[in-house]
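As written, the chain order gives the labels A, B, C and D, with residue 1 at the start of each chain.
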Amino acid sequence: MLRVLVNGADGRMGSQVVKAVYEDKELEIVGGVSISNIGRDIGELAGVGVLNIPVRADLGAVLEDIKPDVVVDFTAPKAIFDNAKTCISHGVDIVVGTTGLTEEQRVELGNMAVEHRVSIFIAPNFSIGAVLMMKLSAEVAPYLPDVEIIELHHNNKLDAPSGTAIMTADKIDAARKIAGAQQAQDKTHESLEGARGAKVDDIPIHSVRLPGYVAHQQVLFGGYGELLTIRHDSIDRKSFMPGVILAVKKVSSRPGLTFGLENYL
Amino acid sequence: MLRVLVNGADGRMGSQVVKAVYEDKELEIVGGVSISNIGRDIGELAGVGVLNIPVRADLGAVLEDIKPDVVVDFTAPKAIFDNAKTCISHGVDIVVGTTGLTEEQRVELGNMAVEHRVSIFIAPNFSIGAVLMMKLSAEVAPYLPDVEIIELHHNNKLDAPSGTAIMTADKIDAARKIAGAQQAQDKTHESLEGARGAKVDDIPIHSVRLPGYVAHQQVLFGGYGELLTIRHDSIDRKSFMPGVILAVKKVSSRPGLTFGLENYL
Amino acid sequence: MLRVLVNGADGRMGSQVVKAVYEDKELEIVGGVSISNIGRDIGELAGVGVLNIPVRADLGAVLEDIKPDVVVDFTAPKAIFDNAKTCISHGVDIVVGTTGLTEEQRVELGNMAVEHRVSIFIAPNFSIGAVLMMKLSAEVAPYLPDVEIIELHHNNKLDAPSGTAIMTADKIDAARKIAGAQQAQDKTHESLEGARGAKVDDIPIHSVRLPGYVAHQQVLFGGYGELLTIRHDSIDRKSFMPGVILAVKKVSSRPGLTFGLENYL
Amino acid sequence: MLRVLVNGADGRMGSQVVKAVYEDKELEIVGGVSISNIGRDIGELAGVGVLNIPVRADLGAVLEDIKPDVVVDFTAPKAIFDNAKTCISHGVDIVVGTTGLTEEQRVELGNMAVEHRVSIFIAPNFSIGAVLMMKLSAEVAPYLPDVEIIELHHNNKLDAPSGTAIMTADKIDAARKIAGAQQAQDKTHESLEGARGAKVDDIPIHSVRLPGYVAHQQVLFGGYGELLTIRHDSIDRKSFMPGVILAVKKVSSRPGLTFGLENYL
């Protein structure tokens, strides 16, 4: 059984990780760290009953005491770089759920991890479905290079297009370029501006913003008399948990830094 | 049995009308007129076998001979105005499938029809499904005023957005204005231009153009924790025939000019 | 402003009604009744802050004190019949959200309401989207009588098909029968039993049960070279609130008993 | 340039292959064989204009004369076995589009092909989109083992479920078994028989048969708060051509017998 410590154990995501680790038969929850709720039981905070594991404040000290196999970190952008260094220097594998590391910081952590023979995993998206959608889309692109993306979110999402849509377009375009696939020429004239969407790598992205949606994306591939469509619907934040658990189980298999859940699929 | 004459009987649409009238139990095909294929059998041209009805050239003369109940006209934009006047002056109801009449010409034909106690029907779209989609959308709008439209066509359609999408948006907006329904404010920022589509009456329209599609449209209504979507798929030009047949059967019920298949639904 | 009292004000649905009434500009929340949480503030229970309206226990006494215009009742199946009679005898309109009344009880309440010149409203489904889906489906049926239903729910829903799917099929079949519309003959042979779904009024219903879904339904109409599809997605229980508010505002417009939200659309 | 001969060149599929080969820049159409239309020009039959290539009757003689690189065979089930042997014994690669070979015959042809250092390719489905749908579904299955299939066809398709749906279920189940993935228990009770579809490898398949559909399939994967859906729409028989062309180009790369287009993707 892998022994797991959660950093940020009392947070919105962290407490869900505590719960998910607790409920997994191959994992054991052994510790929780945070800057708040010190002394409170992490099981109670996660709603799974008393685990007799109090929240503690000092990550380094806890690592020395408990010696977990893996740390899952869902803390804050400004804390994550130091947290990761602490884990690596203690020889503990780490799964980073917090975003905000710069390219430079990632390189530094990667080098440090190699040096200490430790594994560090970072992901921009822990939804297995979303990561699969991107992976499958890149596989289809060489055969059906004509593609458009529709992403649909609630009307409180302020930006458009979504980061996932842009990332999907990038992966599709890279794949069809490597394969040398030729898309059809777009001869359409917009009689009203914006009708044909935003273009990322020449791939139109259409952003719908309506109450009632959560987070959804369709990738539409058009072919000769046929269509192939890949659709992902995310209804709930809990959809990230299976990806976190997968990363916890796989992290030790790839020493050094690994970026993106697709490396484990 | 209604006795039907087809003007433009040897054309792409006209020969389908001959076939559809021939196959309908409540209708009888009694004549065909055209400027080409004079003397050829309209049944043979339509692929339903010999009907012993030769194509004739002079609409007025044929009307006097045959005295049909209804004329269906799928000829050419420049011919349709005179054709319609000929039918009306002979006291014969007419279903106009040809587009291209001006507002002024429609008014003149309407007045003339009232005077002669004749019915004339004109439709921009004979697909029952498309007309229902627009009608239903207008019904939903007062209750779910937050709406976007996605229309998807083959990549040889040169304009975007489609006429049907614009017409749908107009009908939705009229309906929600009459009801005094308030849509949510759109606070989204486009980080890439075009992501939020083209706006018609403040309704975003997204136009997809890909090989493999024929003619499709989705109307997406977003509500409080729920979504209502109306989708129309047109796979084949033959989808217009049921609408033509419906118009033939209903035209006499509304003297004067009627515009739009929705009046018969 | 309509003055509204909520019976069951501290319950899961009732407290959402308190919130929804409180947030509506045309309504005023004036009282709350329950058998639990007596004395606690209904605003605090609903998470909208102190309203200085304590939960009280005796519906009849509260009605005499407060004289609300409308009572919304989300209590329990066995309480609802007596609650409704109490409201009617006090001359107060009532919106019933609790299911469980028998046909007989509904008739009795209807007669009593007519006698007291009071309005009572009962609905099996308060989702405006779901009710619209059924209404629109019945409108389409005369023109496109060939139809199938796919309903998709989470895998914890134990019964199949859903009540909404059955109700939709009933309404579609009634509408196409009245119109005398003929559906195509189903000549398909099931090489594996169940492939063609369950049949309600000769309409196939297909029930999908998978984790990730909440409550969704598609009504598929097939025509000559075209398809019309109506889809409803319910993501959240809060989707019932707009329907409740609509009923509160409309209830007085139809004296006696009204059954089904479609009567207000 | 690969030199291609079409057997069954005057048939519905064969003449489309002539056209597709003729229009491909990397392929040259060099001959046509059939038992009918002898002496007529294969280009004229395919609607691409005169190619000065007459239909000939004797496959063996033509192979010796013309020495093509690849033969594409769209003839008849009872002819295909002998045709394939003729090609192999002449040392010519063959792409078989005709179905109807038994397992035994395939083994015999495979052995013969190895002996003669020739490649033979056989596919149950030449639609690249359909083959990708099955391939992607098998990739998703280990991560999201809870799955259902909806296939939708025109109402003239007499069997249900479709062969493609059954094949998809088989591939999904094999993939999730290899991965040891556990699906959720299905606890649903059918109050009406058939609601939960037909079961293939414990995967529910729902078959819709309605006018307006051509050939469509959705594979629905349900996860923890998320859904992944793969959809294939085939609108036209011409959708098989890109798969045939792909096979023609790739056939020589795999000596012996190859079964299924997925081997080239």
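The definition used in the following text is that a residue touches a chain if its C-beta (ideal position, glycine included) is under 8 Å from a C-beta of that chain, and two chains touch if they have at least 3 such contacts.
What you see is a predicted model; the values in this text were computed from it and never measured.
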{"item": "Most distant chain from chain D by Cα centroid", "value": "C"}
{"item": "Which of A-D and A-C has more C-beta contact pairs", "value": "A-D"}
{"item": "Between chain C and chain A, distance of the C-alpha-averaged centres to the nearest whole Å", "value": "39"}
{"item": "Gap in Å, rounded to a whole number, between the CA centres of chain D and chain A", "value": "37"}
{"item": "Numbers and ranges of chain B residues touching at least 2 other chains", "value": "212, 221, 223-227, 233, 235, 239"}
{"item": "Chain D residues touching chain A - in the complex, by the definition given at the top", "value": "127-130, 132-133, 135-136, 139-140, 143-144, 221, 223-239, 241-242, 265"}
{"item": "In the complex with chain D, residue positions of chain B that touch it", "value": "212, 214, 233, 235, 239"}
{"item": "In the complex with chain C, residue positions of chain D that touch it", "value": "146-148, 150, 152, 155-161, 184, 186-200, 204-213, 220-227"}
